[in-house]
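Below: a set of structures, written as structure tokens.
Each of the next two complexes has subunit A plus one more chain, namely subunit B in the first and subunit C in the second.
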Partner chain A sequence: MTLLEVRDLCIDYFTSTRVIHAVRGVSFDVAPGERVALVGESGSGKTTTALALMQMIEPPGKIVGGTAKLNGTDLLALRGDAVRASRLANVAYIPQGAMNSLNPVLRLREQILDGLVDHGQRLDRKAADALVAGALKGVGLSPDLARAYPHELSGGMKQRACIAIAIAMKPDLVIADEPTSALDVITQKQVMATLIAAQEEIGCGLLLIGHDMGLMAQATNRVIVLQHGLIAEDAPVGRIFTDPQHAYSRMLIDSVPTLGKRAETAAPAVIAKPEAASLMEFDKVSKTFGGGLFGNDAVRALDTCSFRLADEHPQIISVVGQSGSGKTTLARMVLGFETPSTGEIRYRGKPMAAMRAEERRAYRREVQAIFQDPYGSFNPFYKVDRALSLPLANFGLTTQGGSARSRMEEACEAVGLDAGEVLGRFPHELSGGQRQRLMVARALMIGPRMLVADEPVSMVDASLRMTILGNLQRLKDRFSISVIYITHDLATAYHVSDYVLVLHKGRIVEAGLPGDVIERPEHPYTRSLVDAIPWPDPNRHWGTGAPDRAGWDARQIIRGQSAGFVLNAAG
Partner chain B sequence: MTTSPTVQTRVETIAEEAEAGSLRGVILGVGRYLRRNPQLIVGLILLLGLVAFTTIGRLFVDIAGAHPLAGPASQPPSAEFPLGTDPQGRDVLAVMVVGAWLTIRTGVIAGFIGILAGSAVGFVAGYYGGWADRIITWIVDVLLTVPAILFLVIISAMLQNGLTSFGMALIIALLAWRRPARQVRSQILVMREAGYVEMAKLSGSSGFSIIFKEIAPNLMPYLISSFIVAVAAAILASVGLEAMGLGPQNEPTLGMTVYWIMQFSAFLLGLWWWILPPVLILIVLFVGLYLLNAGLDELANPRLRKRT
Partner chain C sequence: MYIQRILRRILTLLAVIWAAATLNFFLPQLAPKNPITEKLTQLAETSGISGNQIAVLTEAFNERFGLDQPLWKRYFDYLHDIATFDFGYSISSYPTRVGDLIGGALPWTLGLMITTTLVSFAIGTLVGAYAAWRRDSLLMQAVSSVLMVFSAIPFYLIGLVLIYFLAAKGGWFPISGGYSLFSIPGWNWSFALEVLHHSLLPALSIAIASIGIWAIGMRGMMVTVQGEDYMVFAKAKGLKPRRVFLRYGVRNAVLPQVTTLALFFGQVVTGAVLVEIVFGYPGMGNLLLESITLFDYPTIYGIVFILIVTIALSMLLVDLIYPLIDPRVRA
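This part shows the complex of A and B:
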């Protein structure tokens, strides 16, 4: 018996000069109560396929063929009010960005009831209250939150509220479009557990869209891999991870970093000589935002910490934590975009606050960054060449135009980009991966001593992540650049870094070599983080239930020192 | 990169695609864009038609006829005076040719000065922040509460003798910078946080070059659109003041024509050939500006932009 039967679904997008066949004859089934993953990289047609089931394809897109029968009714043949009646009641949708999907001026209660009322359900006050309380309880939220506005909720709570809205009418099919991609691993695990529990409770089918094979292994029964608008593979979760038939599925699975297979490159753990010249030094640095005479409550973004990065022994230091842990504040202070509230940051022994113009210039040149959003880092008004040529001109790295061009080409080659293909284009003409690698190329070309990489791969397709990180690692060795790698992804930190700092609420809770911290975590918070990583192995159980938050504020644990990086435990 | 055969068959070309950057490519691109954005075309046609009327009109119409006593009084349209004459003996056609020009010029001058001064002030407030921002924002906020018409009436009443249409433009410009200043400030506040601004800082660019080379180009579409709005507002203000008789007494602007029409009770005397032309020209002017602005807004505002 099948719940949903999609046959030969074709969707085209029209531009003024081209037709893009976004989805080209996709057929699949979903059984009642089954959880099916729709996996693929950006542009593979996975979201387009899902939106078509709700007839939410906007012009210039158009469904040009195929059927999608839900319990025998063709969803694609519905017209007019029948489409509206079918949405939410038969097919419900959980969007990607919960923060933008809830109406900021309505309380949760109204937003949950909105769809019900629109579908003609008449409820008296008592019945409505009971229904809202039930819906909220079903996703693990307190019924008191019915009176809350979206801004009063955390990211994970908002995503759960979206789930509550979607399942309030007990639909036959729920489509969840990357419901956890904006959340950190601990929250992701909780939200997925909520979603699965709710789905099992009402017994509907679930179509889970995403690109993270690890998550799919933990959350679904069957995986459909899409590539270029075609189905590459459709297999039960038990088989696809042990015996993938299609090269593309294998590539997606292999691109998920796992623990235990770490390529051992780290230098032996030598305690750095205290007298060795330091590159960057944090001396009892802390940062507090807000406060002041008329300000709101002060927020402690980073607690007092002290460390010293030696000039020799370049290495990759990972700073790991959830959003709000203070890792980005740390990065921005290293870059000089924020000044510490207390303490002093010294670059090459010179306090940053007291630098003269030319020292500042040298510091600017030697400390570079790669940011999270490879699109925002380019000025849309200019061709991408400018991102590379601007520092060359400003720092006086070249004298003639010819050599600037050749340096740009060299830099592109170093990160595996074809210079002829990317230079001379506008940022929107390049893919996310190309843009991010161009940013790596830019940083390299300047030849910094230190590189701050703030989530450099979180917006890049999974298959490119390890490539870009591998680039970073090779460049560190070749050009002796120290890298501060900011991330919430423990698995990649495990693979690329020489030393790991775990931040929680502005405090460094655990620090040490990656083999110790991530393979054998000792601090309860680190343990929760490691437990929440979804492994691309359906047999390795993710575990259920909420993490034990009790021990998260426990004492700092520092194990092992790395050559060239000294963390001062006393703070 | 990934150029397997499956990718190539995924995209089909259905119309001519010229090489990027070639002249033919630009022409094709602009042509296709305009077909999807008819407001822009209609607006441009209306405004260019009006400009052609006043520039080419000068070659065929004797503009000396725009002064009083150039012809007989209150004559209906005839072969000699295609739009007739007014009670003071002006040739209405000549008045329209000269007046449309004067009124457009007043609006463009006042709008230009307003945008220039306003965006300079807004740039400083938005980019540097701190006390400069607080003081500027405070002044702009206070000035925004002053009813412009009151201010303008007082100044033009004081300067009325010897006032020219150029002076009129300067008076209107005195208040035209407030709104652009505030809007540009908020745009800068948003753009200042953009990734590319931080990247430029990391690339060693100075504050000055960040404002003019990174932020300003991205603000251009917005400034052009604000300019059109400012021109329309300035024309409205000038016509309003002139209709009250506070304009240049010796120049036949459209607003002054409206003033004379009321002064000489043209409605009671049934001088339709005198009443209709300035009203029609003002309608064409405002509708043209509105359509042009709406068309440019669609071009500049990504949220309204139709996908290409």
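This part shows the complex of A and C:
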């Protein structure tokens, strides 16, 4: 027996110049109570397929053929008000952008109830209160949050609220579109556990859309791999990870970083000599926000910490932690965007606070940033060449067109891009992965000594992440550039970094070589982080238990030093 | 916390009023003309006063209006007077008090401007929102273009066109004035109807242009809001289109419009000077024009001070109202 039967689904986009076949004859089934993964990279047609089931394809897109029978009713043949009526009641959708999916000016209570009211349910005040409380409790939220506005919730809580809203009418099919893509691993695991518990409770089918094979291995029964709008493979989760039939499925699986296969670099046994010249030094630095005159509560973003990055041993230092752990504050201080509340930051031995204008300029030139969002980092009105050459002009490094061009080509080549293919194009003509590599190339243009990369790969396809990070690693060796890699993704940190700092509530709770810290974590917080990594192996289940928060405030554990990076335990 | 914030806002309000009032006092002092001489010269042209008499009269008037006092003393007297809303005597319409002149003109302007502003805000916002909602329909695209044209035409130009066609040619409306010359103002129905009849054309000329302005602003905001994730989720929830439009779309898109509306209210006192002049409407605009042409300082002070107070009050209004409609700024 099948719940959902999709046959020959075809969706075209009619642009002014040509027709793009986004989905080309896709057929698949979902059984009642089954969790099916729809996996593919951006542009594979997975979200388009899902939106088609809700008849939510916006022009110029159009469903040009096929059927999608849910319990015998063709969802694509519904017309008029029946389309609206079937949403939420029969097919529910949990959107991707959990951060902005809730109406900012309405209380949660109203956002849970309005869907029910518009589907003809009449509730008196008491029944409505009970229903809202039940819906919130069902996803692990406090019933008191009924009166809360979305901005009062954390990212994980917002996504739970979206789940509560979507399943309020016990639909037959739930479509979740990358429901955890913006969340850190611990929150991701908890939200997925909530979603699966809810799905099992109401016994509906679940279509989970995403590009992270690790997550799919943990959360689904069957995996459908989409490529260029076609189904590449459709197999049970037990088989696809052990014996993928299609080369593309294998590539997706292999691109997920796993532990234990780390290519060990040269043994970092040499302890940097204390007298060695330092590149960047944090001396008892801490940062507190707020407080002061208006008496707001002061927030300790970063506890006192001291470390020294030596000049002659370029390093990739990973700073990992959940959102709010202080990792971005640390990065912003390295970049000079924030000044420390106490302590001193020295660059090449010179206190940043005391730098003169030209010293500051040199520092700005040598310490470059790579940001998270490859889509927002480019001005859409200019060709990408401008973004690349602007730093040169800013620092007055070159004026001749020819030499600028050759530097651009060099930088592109360094990050593994074909200069002829990307230069002279507009940002929208390039993929997210290409754009992010261009951002790295941009930083390279002016010969930096240090890169600060804040979640540089969280918005690019999983299959590209390791490639881009591998690039950073090669740049480190080739140009002697130290990298501060800020992330919540421990698996990538494990592979690229020479040293790992684990931050929790502004405190460095564990630090050491990646082989130690991530393979054999000792601090309870690090252990929770590592436990929450979704491994691309259905047999290595990540468990269902909530993380043990009790030990998260345990004292700091520092394990070993790395050449060129010295962390002071004393703070 | 909320009380504390309100108190701070009110203190800021007083500071703003003081600063503006001070500027208001000193700026006209820089003008090279003496109002008394100006008025007397005008008088001399119509009646036959000699130059000698003018000099004597000027001195007498200077003393009468306190213009012979040193500047700092006049400044402090001025501050004291405006704090009690006493603007002294009008120079051009002596011996009428400025307060009475303003009191006579203000209700006309407030009545006209507040009604037209509120009505055109409501209509313009809804039309603009709907134009964005149905962006693909040809009708709404046509409506948008028409609105854009109207929003670009100044009030008074529309007023002139309306007078030409509806009053001069059609004869359905009076050409000018707030009421007809022959009737006696009073609180009765026939007079109220007459006032309404006279105010329709000025109101229409303001409304036509400002509906366009409101609609264009709202349309832009609504287009942005329609791209938000919560709009996608609202549709995926199977909400009725009416609810998605009003509670999710308009409710969010209207937020910046409300700020603009409050600032707009700050300008109502003098908002449509040219319209009042075109229609000979007995409001603040006409009063301001007259007093400027005659260098009637006390009246100018009075009007500008009322203007400062209303602008400052409307800014306070924004600060107080905004947290009520946008939970994100309640802190």
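Assume the second predicted complex is superposed on the first by the 564 of 571 C-alpha atoms of A that agree within 3 Å, B and C clash if a C-alpha of one lies under 4 Å from a C-alpha of the other, contacts with A are read in each partner's own complex, and residues count from 1 in each chain.
Note that contacts are C-beta pairs under 8 Å (C-beta built on N, C-alpha and C of every residue); 3 or more make two chains touch, one makes a residue touch a chain.
Since this is a predicted model, take the numbers as computed values, not measurements.
Undergrad: Check subunit A with both subunit B and subunit C modelled on it and let me know: fit or clash.
TA: Clash - subunit B and subunit C, as placed by superposing on subunit A, overlap.
Undergrad: Name the contact category of A:114: first (subunit B only), second (subunit C only), both, or neither.
TA: In the superposed model, A:114 contacts subunit C only, not subunit B.
Undergrad: Is A:60 touching the first partner subunit B, the second partner subunit C, both, or neither of them?
TA: first
Undergrad: Could you tell me if A:165 is touching subunit B, subunit C, both of them or neither one (first, second, both, neither)?
TA: Second partner only, subunit C.
Undergrad: Kindly classify A:394 by the partners it touches after superposition: subunit B alone (first), subunit C alone (second), both, or neither?
TA: first
Undergrad: Decide which partner touches more residues of subunit A, taking subunit B and subunit C as the two options.
TA: Result: the larger residue contact count on subunit A belongs to B.
Undergrad: Applying the document's definition of touch, where does A:102 land relative to subunit B and subunit C: first, second, both, or neither?
TA: In the superposed model, A:102 contacts subunit C only, not subunit B.
Undergrad: Quick one: is A:93 in contact with subunit B, with subunit C, with both, or with neither? Answer first, second, both or neither.
TA: So A:93 only meets subunit C here.
Undergrad: Determine, under the contact definition given at the top, whether A:229 touches first (subunit B), second (subunit C), both, or neither.
TA: first
Undergrad: Would you indicate which of the stretches 91-99, 145-153, 181-189 or 217-225 belonging to subunit B has clashing C-alpha atoms with subunit C?
TA: In the superposed model, subunit B runs into subunit C at 145-153.
Undergrad: Mind sorting out which residues of subunit A both subunit B and subunit C touch, each in its own complex?
TA: 59
Undergrad: Using the touch rule from the top, collect the residues of subunit C that touch subunit A in their complex.
TA: That would be residues 136, 228-230, 232-241, 243, 247-248, 251-252, 255, 325-328 of subunit C.
Undergrad: Using the touch definition up top, name the residues of subunit A that touch subunit B in the complex.
TA: Per the touch definition, subunit A meets subunit B at residues 15-21, 24, 59-60, 227-230, 335, 337, 361, 364-365, 368-369, 371, 373, 375-382, 387, 390-391, 394-395, 418, 421, 446.
Undergrad: Going by the contact rule at the top, pick out the subunit A residues touching subunit C in the complex.
TA: Touch residues, subunit A against subunit C: 54, 56, 59, 84-89, 92-93, 95-97, 99-106, 114-115, 118-119, 149, 151, 162, 165-166.
Undergrad: So in the complex, which bits of subunit B are touching subunit A?
TA: So the residues of subunit B in touch with subunit A come to 1, 4, 6-7, 9-17, 32, 36, 194-196, 198-205, 214, 217-218, 307-308.
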